[in-house]
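Per-chain residue numbering starts at 1, and chain names A, B and C are given in the order in which the chains are listed.
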Amino acid sequence: MLAEIGVASLQELFDRQIPAAVRLERALDLPAGMAEQDVYAHLRALAAANTSAEDEVTFLGAGMYDHYVPAVIDMLMGRSEFLTPYTPYQPEISQGGLQVMFEYQTAISELTALPVSNASVYEGPSAVAAAAYLAKLANGKARVVVSRGVHPHSRAALRTLAAGYGHQIVEVGLRDGVTDPDAWAAAIDQDTSAVIFQQPNFLGAVEDASALALAAKDSPAVVVGSYDPIPLGILKPPGECGVDVAVGEGQTLGNRLDFGGPSFGFFAATDAYLRRMPGRIAGETRDVDGRRGFVLTLQTREQHIRREKATSNICTAQALNALAGVVYLTWLGRRGLVDLGELLLQRTHYAREALTALEGVEALHEQPVVREFAVRLQAPVDRVIARCQDAGVNPGFALGREYDEHPDGLLVAVTEQRSKADIDRLADVLGAAVAAERQTAGVGA
Amino acid sequence: MADASYPDDLLYHPEHDWVRLDGDTATFGITWFAQDALGEVVFFEPPEVGSTVSKDEPYAEVESVKAVSDVIAPLSGEIVEVNAELADKPEAINEDPYGDGWLARVKLSDPSEKDGLLDAATYTKSLS
Amino acid sequence: MSATTQTPLQREEATTIFEKGAPGRRAFSCPEMDVPVVDGLLPDGLRRSEPPRLPEVSEPELVRHYVNLSKRNFDLDSGFYPLGSCTMKHNPRLHERVAALPGHARLHPLQDPAHAQGALELMWNLERALAEIAGLPHVSLQPSAGSHGELAGVLLTKAFHADRGEERTKVLTPDTAHGTNPATVTMAGYEVVKVGTNADGGVDVDDLRAKAGPDVACLMLTNPNTLGIFDSNIEEIADIVHGVGATLYYDGANLNAVMGISRPGDMGFDIVHFNLHKSFTQPHGGGGPGAGPIAVSDRMEPYLPRPVITRSGDGQFDLDDQRPKSIGKLRGFQGNYGCFVRSYAYIRSLGAEGLKDASETAVLNANYLLARLRSLGVADKLPLAFGELCMHEFVLSGAPMKRDLQIRTLDLAKRLLDHGFHPPTVYFPLLVDEALLIEPTETETRETLDAFAEVVAAILREAQEDPTIAREAPYTTPVRRLDEAAAAKRPVIRQAL
């Protein structure tokens, strides 16, 4: 090969192209390579040092949830034809991937009742920030009004991005577990670029989305809703609530927890925002012989064409995870999504009743809940959680980690994998943990 | 439009735009050269009626599948009309760049600016 | 095209999952309602009245639909994929097995760090490995893709300058830059200023000197660049940029050329991003997922996204969210952990020598393919755009081919599809007329490279005889050339129901 190239050695290829001053003259200070079986053993040992949903009965949610991922998804995501190709730049040989995108866009459009969806963005919190960026480019106004019920990571991502492109962030607090309607209305003015709420909110409460959207009617603001997709079988969808842009975390749709990623974010909107959408969009067309086919379309929005004026810088997104998403929604089907929603509604209610009946546990709010709820513990939350985990149950998220105003709060999530028996066990374990901590603190039994 | 053409009754801007004068009003569009370079036009983003345009500054965008082009204003003034037909039929810009493919009508703020434009012969020559 | 000459896949009309199935069919069986049913939990005003019109299919229908759909895709496991700038190297299957281990796959991101020591150790080890490869000590794995890493880098730069009480307004990028670079600059609130390219394909140093001033925050560079050229002036470039107090950002998309050979930190860069879905074998998935970790110098460290992984004296790992100067968060949780598992497995499999080997072979393969094309007489129709040798990829210009054979780079690409190859990247970088950007990677055999070169030569010979063949290609793919103009003019982006 070297002879074909016309050089005397491999070194010559580098000597002629890279200045000596920047050549690394030593080996990389990394361990030597290992045989496949040894790499496997090492990764397995690391896995064993983690307590996963396989090792404890978990009620931990707060943005990602332990739903059941059907085996068909593992099989389909593992297929070479879906796993290994690149972004479909040559549509003639990428009809599989492009049609999956088209089907995914259709599924998200149906779920949200909004006509336009893209082919995915990275995940939930950055999607919220991307929606604010869309609003900035659309109306140029200075302020974003965001509810404190929006996931703390979404609010953080919004602040980080807004510090770059320039938006002032105004946070509206919660009252009785939902966005304070008076404070919300008072915060919205003619300089408001976007208003953002979450459904259900971080404390698990179902918001009055239509009212929140209506409050922005006479302002230039883009109404953004960050939605959990799973309850959308039973909850009124954003498109019917006056929401302009709906985003959300797609992990619960057929993707594993994976310590936080990869998952996907969905991004849907009204027709007015079609040409302002970030990310890839697949469109239908015909080939020269009249066959139905699909292509990436409206590419002039994107970075590879529009460059500094693009709607986003996104290039690689989450196509494989979006495939899992549309397969999951197809697997659930029309009836399945509703049945799942009703099951979660009832089990969540049952769980809230069971826990608030315990000594030292009371509801943090009384709002309707569909899969997650918040309680207040009369005992140090972190220590209660540790006791529960020792007993093989993860009771949920310590709200005090993100909300100073709820130092005694615990956020409890229910999925279809948590049966009545699991919930009863949670009640027992939590009850015992709270009692033990109260006794230690000398609080009366 | 298959063959290059640059009508004599129009004035031209070096950034490949044409002007048809009608007293104090002018119609703007892009030349055969511009539409040929762009390829099939798929979308035209018109300016707002009532907005101001300035000579030599971009006032709209034309898109093909794989490219976006700024459209440069050949003269200054106020937009009084935009070609609404282009929303459904952007390809008119390719098929009839000087007729049905017109982009905007402008009430000129400084008609003397036209003296800075090129005639058909000079513009055509500049292309070779 | 008559019905008899069509391939089986061409005969199959594309039907979406929404057009299949029947009411009542389902794949999912809901677990039993094992709690008492209570009415009125959700007020009517908050309830959905009509369920979304998702498909109603059984599991066999679902499987058949998606398996058949997969057959309408070309993929890396199936054939050569020399997409320049994308580093389509083999995705080892061990990685899927380890990523699926429940200890990794079913781990909740908010699990108590004391119960996630394996994950934190993995991320820590990956960070140290990336730091060593980059020559920069501090790493964040948080960004979700290369362009996300770019955004992190530019926001870090902004925070760095603000902390010094300076407000700079411009970021410089070469005119050969990938589109994500200028798009990122705008998102971060800066103005893009382009720097020219010299005759050797590197940065025009005089142009850079003229444009580098106290209002410049950063220069974003890829080295080797998108032309496959290693910029030999890199030290001088770094001096100019640092001399005006700006930061130097490295787009790691082309890292596959230099692992273990040259390090961005040693070249003078302050911030580097990696594309784990390029050099580090995270499968591309048809458009993601990926990951875009960053490595930074000491002076940029305080601004890293939070949380940061820490290790105590006794080897306990933790997540530190108390980072007052941090730019904050770019996304939820810690990043695309599933990608970290795979990339980490790759790095442990190859080790120090293996990584260097990979880059050496990548550069060897690219130069070999270039030489083969030349010796087959391809060069006068598709000449190399810059220089003589290349790094891990090279750019040819199809301008002579267009002039002499009346076929364009696009037509060559479409004709390659009929021969079972994925085409190289076309029409990028913008600087080269009728560009064809070819990156074979190190995991391709000599036989494959020879076969590809033969086919390119054959297509040119064919065009000499009859240019219409390539112009109307492809003929054998599931669909033929598609009307992209119609798709853009009247967008149909969902199935009508």
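We take it that contacts are C-beta pairs under 8 Å (C-beta built on N, C-alpha and C of every residue); 3 or more make two chains touch, one makes a residue touch a chain.
Note that the structure is a prediction, hence the values are computed from the model and not measured.
Closest to the protein's overall CA centre, chain by chain, comes C.
When you average the Cα atoms of each chain and compare centres, the chain farthest from subunit A turns out to be B. Looking at A-C alongside A-B, one finds more C-beta pairs in contact between the chains of A-C.
Spacing of subunit B relative to subunit C, judged by their CA centroids, is 39 angstrom.
Chain centres here are Cα means. That of subunit A falls 22 Å from that of subunit C.
Separating the CA-averaged centres of subunit A and subunit B is a span of 46 Å. Looking at subunit C, residues 484, 488 sit in touch with two or more other chains. Looking at subunit A, one finds that residues 299-300, 305-306, 309 touch two or more other chains. Residue positions of subunit B with contacts to 2 or more other chains are 43, 63-66.
Those residues of subunit C lying in contact with subunit B across their complex are 427, 484-485, 488-489. By the touch criterion given at the top, residues 40, 42-43, 63-66, 90-91 of subunit B touch subunit C in their complex. Residue ranges of subunit A in contact with subunit B, taken from their complex: 275, 299-300, 305-306, 309.
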